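First chain written, first letter: the chains are A, B, C and D, and each begins at residue 1.
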Amino acid sequence: MIRAGIIGATGYAGGELVRILTGHKDVEIRWYGSRSYIDRKYYQVYQNMFRIVEDICKDDNLAQLAEQVDVIFTATPQGFLAGLLTEEILQKVKIVDLSADYRIKDVAVYEEWYKIEHKSPQFIREAVYGLCEINRDKISDNTRLIANPGCYTTCSILTAYPLVKEGLIDMDTLIVDAKSGTSGAGRGAKVPNLYCEVNENIKAYGVASHRHTPEIEEQLGYAAGRQLTINFTPHLVPMNRGILVTEYARLKTAAEGKLPAYEEIKAVYDKYYAGEKFVRVLDKGVCPETKWVEGSNYVDVNFVIDERTGRIIMMGALDNLVKGAAGQAVQNMNLLFGLPESEGLELVPCFP
Amino acid sequence: MIRAGIIGATGYAGGELVRILTGHKDVEIRWYGSRSYIDRKYYQVYQNMFRIVEDICKDDNLAQLAEQVDVIFTATPQGFLAGLLTEEILQKVKIVDLSADYRIKDVAVYEEWYKIEHKSPQFIREAVYGLCEINRDKISDNTRLIANPGCYTTCSILTAYPLVKEGLIDMDTLIVDAKSGTSGAGRGAKVPNLYCEVNENIKAYGVASHRHTPEIEEQLGYAAGRQLTINFTPHLVPMNRGILVTEYARLKTAAEGKLPAYEEIKAVYDKYYAGEKFVRVLDKGVCPETKWVEGSNYVDVNFVIDERTGRIIMMGALDNLVKGAAGQAVQNMNLLFGLPESEGLELVPCFP
Amino acid sequence: MIRAGIIGATGYAGGELVRILTGHKDVEIRWYGSRSYIDRKYYQVYQNMFRIVEDICKDDNLAQLAEQVDVIFTATPQGFLAGLLTEEILQKVKIVDLSADYRIKDVAVYEEWYKIEHKSPQFIREAVYGLCEINRDKISDNTRLIANPGCYTTCSILTAYPLVKEGLIDMDTLIVDAKSGTSGAGRGAKVPNLYCEVNENIKAYGVASHRHTPEIEEQLGYAAGRQLTINFTPHLVPMNRGILVTEYARLKTAAEGKLPAYEEIKAVYDKYYAGEKFVRVLDKGVCPETKWVEGSNYVDVNFVIDERTGRIIMMGALDNLVKGAAGQAVQNMNLLFGLPESEGLELVPCFP
Amino acid sequence: MIRAGIIGATGYAGGELVRILTGHKDVEIRWYGSRSYIDRKYYQVYQNMFRIVEDICKDDNLAQLAEQVDVIFTATPQGFLAGLLTEEILQKVKIVDLSADYRIKDVAVYEEWYKIEHKSPQFIREAVYGLCEINRDKISDNTRLIANPGCYTTCSILTAYPLVKEGLIDMDTLIVDAKSGTSGAGRGAKVPNLYCEVNENIKAYGVASHRHTPEIEEQLGYAAGRQLTINFTPHLVPMNRGILVTEYARLKTAAEGKLPAYEEIKAVYDKYYAGEKFVRVLDKGVCPETKWVEGSNYVDVNFVIDERTGRIIMMGALDNLVKGAAGQAVQNMNLLFGLPESEGLELVPCFP
């Protein structure tokens, strides 16, 4: 039995970790960390867990926790883990960090976009960027620290990855227009996240400045074999869960006036994803919808070739709290401990 | 392995049966019946099942199906099963009927409220009303036909049952004010169920005439030991899933000017539900919310004693597609086949 | 031109006052009071008012404001106005108070339900309870202080009033089950009002303890000619605007085994409301829906007689921010200044 | 008094025409055309109009209607008006057509995208494309036929128009990612528009094939002075009203490694829109939100210059039923009859 601790267990991503780990046969949650609700029953914060979880919330004590568990999930604000992590801790416990602290290899880029000083850059190199479908071979039982990818990032990267890796699109033309449900904004009590402000409304935010931009650029840059600069625009959608990305790029052969056939592009997607349990390349003509992946660890992707403009429109959908956060974190944990990658993640999407 | 067939597999309740049975380790779905989508891949109707279900939809052939499976779930319009059921079929297969055809013991009452003639009243007596928490001892491996309770009914009955059974409330004063998500209206393409008609709106409907009224009256009448007449008012709420009932009744002792203490009433609820996995009596002061049971087979109940009026306000919440339909149907199937009652139903509610 | 000041102009009710008064040809808003946003442009708080309102938000200075305007609207927390109001102020300016401070005539009842001491009980007697359809003859140009009714209260009272006044229902059996959109909870940044907590969810709250209860009891008590005790249960519905009430009461003649005909009850409603612009008694069989009154000052009401139980089910719908708050406040202002009662309130409901 | 007839009065755009014209002091609606609801009271279809509109719905008789009114609004399916329009009718009455029949000047393009034969191409040349802010000088009292622009089109064009007209962006790089509320899909009873299918969901549709594409291309082509080919991707958002567009284009000077300052671009927007009542260029850093224009005729626009990619991100928001349909139709009617352009359109956006 893997003993797990969660720091930040009462945020939305933390709550989803609890939901998923509760159904994972090889894991036992030993620590529900929550600075805001110390000593309260966990189910009093999330009544859906009434009669399922009896534990109380504890303080966020990383060092103490490292003694008691095999793996720690940190679903905490940026800078939290970086400020506390030590070599001593990492010698005792594996960590899956759902924050951005170790995602970006260039500490200067991190500090510029996040506007905070990185307190433990010495661990950045070691951290594995836990986008399992791409980096699973970098995760072994020696791995100590996983930087769990961002929600937008996971969706944006997986949607375009095969075409980027195969060099089929002009990376200077890549535009990612993303739409997210409101749970992505977290459980903080802020006016812009009130029901009446979000409901019956849609807006862009963080235009040309959202922090997931450099993360997408770095990871797609590895696939492309060069540095990238892209446009990424997130939007807030009146729904609880789900991210949809619509990505635009010019097909390289368009310059020569010819475009690949649907089947050629489909074959490229299949080359990378046919064996992937959690990436579903939809049938021709079917556009991904967030509702079809809700509650599950799936990413649904598809594409349309536009003969008129020479562009390809790629689309991807996932549940931001599952594949975009807690589900992928558990997938990483499975890899860390040599379990089947989908253990505890056989979640059938819930419709309607 | 239990072989199951579903007739009406592409309605919302049918879809939920597929979702739940897909995760049930002892069941294999052999027949996805859907008159509207014959020969189409099931996942083309519900893309959430892409790469999970590969079967095609078949016609609704009850007799043929009876030869091939161990249990048939009928998630069909009223009158469908009653029009087709025969002794021959029942000798071959067990049936869990999600329609109202065999719920009401008095065929005249059925025909009056449903405005259709009952074509096979000879099976009404045999059918067990499958409200598991109350009738599980009537279900054995000899049982052939289960009348799976209605969604409003399940919630309305379980919320009041202990007090009715113990004779604590004046049954002539019972009023059930119910609120339901829109999936309860089914997947038929009708203007009143369009997004723009339901969204940002709430209304009562079927006032003093909703068909679940006699079903509640009959079942609570058994508990009360006499015939009942109640008020039941359903409302349509802009959300996909969930039923909340708010029930009002005068406490009998109010006539003598004294009311039971909170603890007394709590003890009555605990007497009936402390051992029930799927009924959660919430802590004092906590009102049930539909979101806390979403996707699960739980019913959350609680109550408030109003010292001023001598009434008790009882509240209950469930997911209309799970405990209100497919989940309870699977719970009944488990009883029919001697499986643990919660097999395949260990669904953790999804929040947010 | 009537000069108006608004204290609490950046709450939802305050915002709605701005929207309505902006379209009122006889009113000019001179003061946008908002403690939270002092010195910011009003439109920066509510961008819908960009290029419509250029003013900045000012502090909540009641005494200073009284010098500069003809009428003050206070859309402020309970206790605010009671703590500041003086005879001197009332000699200079008329006040329409959207809080509860002067609604309840018995100061002990107010203090018990609101858990605050009333600082200026000397003005309670003078204040007119501004439910215009019932009390308009109490409002003249001598009236100085209007206690604008609560949102739930307006809907609850107007829905039952004719039957109460005519003595047709047994007042000891009256139960009000109310459902409200989320704007009723105000614009405060609290976790329970976050999008993800309200969306896809319904719950009761304030069961047997909501503060609008004594207000309904008092006003319906005047109509009934005696003190009343009722049950009132509010519910939070995932929508921005709208209140629906479903009210249950036993018809008095039911005791004698006979019920009034539909036409008799309809005639009673028409007696009180046929001449009322803002109360619409719907056609037989049509249930009120909140969407049909959205953005307008209408209250839609209707009823169903249940032959089986001897009860009448009364239903009413209004927009909580208009007839339930700002619209009714403007209606009261019109009465105070001798304007046509519907001036500035000819708002056509917006659908969908 | 202008006598108006509406054909297609019971669709959502037709209903919005009724709402707006009801408040227009110079217009009287004489004909509520609705094939589906002939002889029913209009308010029985839209109960929000109870006690406001007493008329009954009539058949769609264009010729008869032309005799009785001064202006006809056709809110009808594509091909309807083209199939009925004659010179005789146009000699009697002015027509504002909300369908696409006369929007596209090249009949071959129309027939290719709409897959129907155009039955009266002889009137295409005469029709004025009624995007008032751009074409108002083409509308006079001699104008007989207005092609009222599409909802997506209005938003897409107005958001980019100043930059296109001034030649600041590379038109071959223009991408329009659009998001619409569900009322844009109309009131037809179809499964994909049911509440449970749309709610908690977002998807793209009509990718690289939506019919508003050639309309945008044609109109922006006039501004650019050459033929254009763009990408336009609509998305369905779970809300009733509102369109948001996010548009991406490369700034021409980026090729030379320098970008215009914010103020330069702002000045360009102001050049075109400072005098426009219904186009609001928001303050720096404020992103348009659909909720801020709901119920009004405003279009809110803004932009962000991305120094990193050399692109400009333009954003625009409108209410698809008002500025995207009925409001703009009334704006055109005002121009046709020499009324102030904003007559009847002083609608303050409703928030929340």
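Just so we're on the same page, a residue touches a chain if its C-beta (ideal position, glycine included) is under 8 Å from a C-beta of that chain, and two chains touch if they have at least 3 such contacts.
Worth saying up front: this structure is predicted, and the values here are computed from it rather than measured.
Asks: Could you find the chain whose CA centre sits the greatest distance from that of subunit C?
Replies: A
Asks: A-B versus B-C: which has more C-beta pairs touching?
Replies: Pair with more contacting C-beta pairs, B-C versus A-B: B-C.
Asks: Based only on mean CA positions, could you tell me how far subunit A sits from subunit B in angstrom?
Replies: Chain centres of subunit A and subunit B, defined by C-alpha means, are spaced 37 Å apart.
Asks: For subunit A versus subunit C, what separation do you get between their C-alpha means, in angstrom?
Replies: Their C-alpha centroids are separated by 46 Å.
Asks: For subunit A, jot down the residues that touch at least 2 other chains.
Replies: Expected reply: 12, 183, 196-197, 199-200, 238-241, 289, 291, 294, 352.
Asks: Using the touch definition from the top, list the residues of subunit D that touch subunit A in their complex.
Replies: Answer in residue numbers: 173, 175, 177, 179, 181, 196-197, 199-205, 207-208, 229-231, 233, 235, 237-242, 244, 246, 248, 287-291, 294, 304-309, 311, 313, 315, 317, 352.
Asks: Which of the residues in subunit A end up touching subunit C in this complex?
Replies: It comes out as residues 12, 182-183, 187, 189-191, 193-200, 238-240.
Asks: Taking the touch rule as given, give the residues of subunit A at its contact with subunit B in the complex, in rising order.
Replies: Within the complex, subunit A touches subunit B at residues 12, 15, 19, 22-23, 44, 46-52, 183, 200, 240-241, 280, 282-283, 286, 289, 291-296, 300, 346, 348-352.
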